[in-house]
Amino acid sequence: MSYEPKIVGFLCNWCSYTGADLAGTSRVHYAPNIRIIRVMCSARIDPTFVLKALREGADGVLICGCHPGDCHYSEGNYKMMRRYPLLKKMLTDFGIEPARVRLEWVSASEGQRFAEVVNDMTQRVRELGPSPIQQTLAQDMAER
Amino acid sequence: MEEQRIGVYVCQCGTNIAKVVNCEEVVRALSEQPGVVVAKTYKYMCSNPGQEMIIADIQEHGLDRIVVAACSPRMHEPTFRKAIQTAGLNPYFVEMANIREQCSWVHDDPQVATDKARALTFGALHRVAKHEPLERMSVEMCPDVLVIGGGVCGMTAALELADGGNHVYLVEREGTLGGNVARVDLTAPYLDSARDLITALVTRVEEHKRIDVLVHSQVSSLEGFVGNFTATVETIWGDGASVSQFRVGNVVVATGYKEFDASRVVHYGYGKLPNVITSFEFEKMLRAGRIQTKEGKIPQYVAIIHCVGSRSKEFHTYCSRVCCMTALKYAHEVKSAIPNCYVSDVYIDMHAFGKGHEDFYKRGSEAKTLFLMYAKNDHPVIRKAGPGDDCEMLIEVNEKLSGEQIEIPADLVILMVGMEAREDSDAVARLVNISRDKDGWFIESHPKLDPVATTTDGIYIAGVCAAPKDIPDTVAQARAAAGRILAKTIRGSIEIDAVFAEIDEDKCSGCRVCNALCPYSAITYDASKKKSTVISAVCKACGACVAACPSGAIKARHFTDSQIFAQIEGVLT
Amino acid sequence: MAIRVNPKLIDELEVYGAEDVQNCYHCGNCSAVCPFSKEPYIFPRRPMRYLQMGLEDKLKGSLEPWLCYYCGQCSEECPRGAEPGETMMSLRRWLTSKYDFTGISRAFYKSGKVELFTVIGAALLTALGFVLWAVLRGGDINSYDGPNAFLPAASIHIFDWALAGVLLALLLTNCGRMWWFTLGRDKQLRTPFWLYLKKLYLLPLHFVTQKRFATCERKRPWAVHLALVVSYLIMLVLIMFFLDLMWSGPEIDWRVHVFGYIATVGLLGTTIFALRARLKKAEPLYAHSHETDWIFLILLIFAAFTGILQHILHRVGFDAAANVTYIVHLMGVVPMLGLEVPFSKWSHLAYRPLAMYFSAIRAEAKERAEKEAVEPTLAAQPVA
Amino acid sequence: MADKKLQIALYWGAACGGCDVAVLDTNEFILDVAAVADIRLWPIAADGKYKDIEAMADGELDLAIFNGGVRNSENEHIAHLLRQKSKLLVAFGSCAYMGGIPGLANLTSREKILETAYRRNPSIEWGNRVVPQPETKLNGKELEIPKFYRRVYKLDQVVDVDYYIPGCPPQPDRVRETLLAIVKGELPPKGSVVGAFDHALCEDCPRTKNEKKVKKFYRPWEIKADPDTCLLEQGVLCCGVATRSGCGVRCPTSGIPCRGCYGPPPGVTDQGAKLASAVASIVDSKDPNEIEEILAGLPDFTSFAYRYGVAASLLQRSYRQ
């Protein structure tokens, strides 16, 4: 079987998770590779979560929050917006393609857009190939 | 830890889930997991028989945690929380896996959808194992209200609240009540007297036994949180001052605005040309009952210039909303006082959005007010007329509707000065812990759905302090704020959601990284203990501080690191 | 150089019938529905703006009012009741008074009474003049034609031509002034003489066919107007060139007969129709009637009616009555032609075709100027 | 126990020797230790052969103190050996605890390290630039040197560890207290971090803390930082917020930002990620471009945030191909 990427999605409750639900109620089909985890706000997303997901075998991580200016908590998404560049920088230093992690703003009304984002993300991660993390760590162990 | 006894329930949602997801297979996979005592699938988990099945299983098998793989938790989480509570479990011991909206409805390959449903349910299973019992809290709500600002807005809110039975402290910085409306003659578009309006309000406020009016006063501090604020008010009496302190449950901020300083617009010559006056100066003339130039002459030509300080790149980009109708009111008042006077109304756009406004605009046209349009950033320029002219001044403007460069004769020019956030709005915002937008107006909780509440619980904003608006809108907001407060105080206490952030005092290092992150100012710093604390009544559980806390001292109840880690592990098995 | 706004002009225009122009807030609906409004002649909105602002010079130089036939669609579409159609009508009246150098036109438009009294005065003078003349030269009241005729055709003919000469002189002077205001004084506009020749065909074309009017969505006003114009022209030709043929007994040329009756039916029919319509305010065009409109219509009906009446009286043998009626007829015709053509409503028979002629010249001159302005820049483009 | 001397072994893996010095820095206390204990192995200070350890019975040692990470097969071999022979195994110092400074090498690859150390380094003067191999044939004989692993491990990634004493190096006072506790048998639960506190460094830092909003970051030498105010809020990247206290706030009190050697406070899974989260959160901007610009003031953030903790992080190493 060909490689199918595993993608973990961290979605804020008010915009993006609702947007993903809207994709469902509108029956907008999209790639099945994403596993969504709900958080109250994108500000709750600690870079640790992303590293944890990658470490546990995710090939990509999608972070979605309300559009800037539209946060349910008024400014939570800006906190994620600030963490994101540093997170990408760290991933690059760890030799992981930063494209495996992506931050997108998806509102509660953008079910269609959510589907497009997931499809695009899935395609890109598929092109990147499987995450090297678990395999490399296994090779390290085998060497000893 | 004691062995957990988890029940897993996979809903078929009629065929909504079952036609794509093989629910039996999900149940089979889950039933093999450690800790899972019961795993079942059923047609409609949310139906009464479905809920009763879960309740019966909890009692029969001694289940302590429940996973429901069904629709979106946004739909039925409350249902299942209630159900397991009926069975004697803490309501937070249930976790839902969204296998309908985010699985069966968006995928069509049964195998793939089943795999995904299984993964999502594994996520829920791992997560629920980490759940903790949570209890809702109740906080006492003081019924007294502090109203800051004694204009139309503050007085209306105070009366509404006091009529509703609450005690109100109305704090006004100036020596008299009335605010800016007290400076106005008639009101547009129905030309009622502002004086009558204000007098009626002031009399009622001053006579109301449940309103304490504090003039010459300022709120110097506001401590606490919703239902439990302590306000300190300083009052200055001539050369003496006194300080009073009282407890309030809620605050209405109705601090209004100040007018734009017309001398900032140099090309209008305000302050240099004696007969260029501001709208408020003209109101004074109208109240005195005599429209005349500085020299005491009756003007033959009156010009009104709109958007002074508003809708321009240089000053304020926003529209001040009331000036258009006020300008029409001036045209009307000039024409009725001096029938042979020619009124030019120099505007950018005529904003006649409100009730009766368009008709009022038409009446202005019918009375032969000459409307002349200028471009937003191409201001008219006023200069003194020559000796041969039959007027005092000439206003040169690039008139948009004709495309001509014209000059308008004028003996008296009225500048429609816009509204501006008061210079102390920053201090007020800090005082009550709310934010301001780039123009200095206070920010509402939601611009459309929650316009009088703020991100700080118990603090309401009404009237122009939130953005320019006219008297009817202001009064509506004042009453809305009062209504919100009355609805909250009537119960005597407020219930606080069990989901909020809390700081482990032992772990908090007092680094204060979290302090500025909270949009609700729910985090306070105790300087003596050198620790930060979350006021749970104020916290809305976004988790921004939790993610940022570098010492892992802040816990997001029901969204803890370990719960989310567990879910990550689960969905990736 | 900035143009001074004159807020008083709008008051001045009120007597010409522009009563609602202040209501206009320039949504542009009127110009959008008007079938004639296109670059560079955008109306009614633009002239209305000039009027609101009192830009008198701009208005005097406008051809737009003459390009409007007052179908009235603009007034129907106007959301503010600013009556753009009527405003254009009143601007035509105002322009007429501006083109006229004598000031008579202005006096007529400013006061219906002045016009009425002038018309009556002219009528009485006419009657007096003709009666005196007939009596002095010994004309026989019982003789309609022949050498002893009370009013001999040949003399009347001479009078016709004399009157026509005076009228033409007055009208041409006014037309000259119109040219000066609209084309002549515009220093920026370069209108070579050949352009005037090139467009000259437009004058008779529009005069005779009224074909622009046919562009309006409503066709009836055009039909009526065309009928009136054609009838009038026929009558004019008959009177100016074949008066003597119309005069005498049973031997009248049958062609004169046929054309004469057609013209009479046309004149009477159209004017009665218009009178009825104005009374009933049947169409936007007829909804607002200025005093001058009434006087003009009544004079026209009066002239047509008395004209055919004296003919019939003569034909049935009541020559004395025919002669009296003829005097009465002249009492209508002379003020109608002598006052209405150069100074009042009827002057538009000259101004309107002229305006179309001028507007075509102006438009082409402008287009040429623009082309010239563009071409050098094109030439200066670097070659890629 | 009182009549029998404690049997102790000290060992260094991939380490700089600082930890051993830290033990010696307990000064005369080390003599008290010597009085109650037999030091069976301490390569830096005392003689002792691996084969002596190998000859011991399992559990014969009471305490083995291991400093340094596990970089090669020798390190691992001794780690296993000490685990087997000792009742207690303590990971001593940041390298044993988290991989430490040598663990930074995990951000590059073994090949690159060898290339740099044996071929590209400008100080290499001998001619053939040979990269040593684990097995070499010389004069018909097979020579073995320890195998250089692909990466550095922290001690507990290789063997089971009883206690951790963080620090680069651990503070002598903490060392003394810990050793005393072990001698007295007052042992905390297995797996505990000892010789350090359960809170972050800031709690003990004397600098004044205010609400934090940072518009610009500075390297320590770029700014004359106020000596009484929190360094982080002045824009100097200080790891103290995400670092366990126990060192005595040595660096910040000397005007140097904390480098994070005591590792993350309890409750923090990944020190670098947490530091990133905290530091980015206080950036004072809502404009993506400005945010990037401000964060560009943190060059080589990863190495800074994981100075001691790459091997202990969630990702553990670089995955660059």
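Order of writing sets the chain letters: A, B, C and D. Residues in each chain are counted from 1.
Here is the rule we use: a contact is a pair of C-beta atoms (placed from the backbone, for glycine too) under 8 Å apart; a residue touches a chain by one contact, two chains touch by 3 or more.
All of these numbers come straight from a predicted model, not from anything done at the bench.
Among the remaining chains, the Cα-based centre furthest from that of chain B is the centre of C. Of the two chain pairs examined here, B-C and A-D, it is A-D that is joined by more C-beta pairs in contact.
Centrality annotation: B (chain centre taken as mean Cα position, compared with the mean over all protein Cα atoms). One finds 106 Å separating the Cα centroids of chain C and chain D. Distance between chain centres (mean CA atoms), chain B to chain C: 66 Å. For this pair, chain A with chain C, the centres built from the Cα atoms lie 80 Å apart. One simple way to say how far apart two chains are is to compare their mean CA positions; for chain A and chain D this gives 32 Å.
Taken residue by residue, chain A touches two or more other chains at 46, 48, 52, 75, 79, 83, whereas all remaining positions touch fewer. Multi-chain contact residues of chain D (touching two or more other chains) are listed as 269, 274, 277, 281.
Multi-chain contact residues of chain B (touching two or more other chains) are listed as 517, 544, 547-548, 561, 565.
Screening every pair of chains for touch gives A-B, A-D, B-C, B-D.
Across the interface of their complex, chain B is touched by residues 6, 8, 13, 17-18, 20-21, 23-25, 27-30, 32, 35-41, 43-46, 48-49, 52-53, 56-58, 72-76, 79, 83, 115 of chain A. Across the complex, chain B meets chain C through its residues 301, 342, 344, 350, 361-362, 365-373, 394, 396, 399, 401-402, 404-409. In the complex of the two chains, the chain D residues touching chain A come out as 73, 76, 107, 149-151, 158, 269-270, 272-274, 276-277, 279-281, 283, 285-286, 288, 291-292, 295, 298, 300-303, 305, 313-321. Those residues of chain D that touch chain B in the shared complex are 198-203, 209-213, 230, 232-233, 240-242, 245, 264-269, 274-275, 277-278, 281-282. Put simply, chain B touches chain A in their complex at residues 72-74, 98, 100-103, 105-109, 112-113, 115-116, 119-120, 123, 435, 443, 455, 499, 517, 519-520, 540-544, 546-548, 556, 559, 561, 564-565, 567-569, 571-572.
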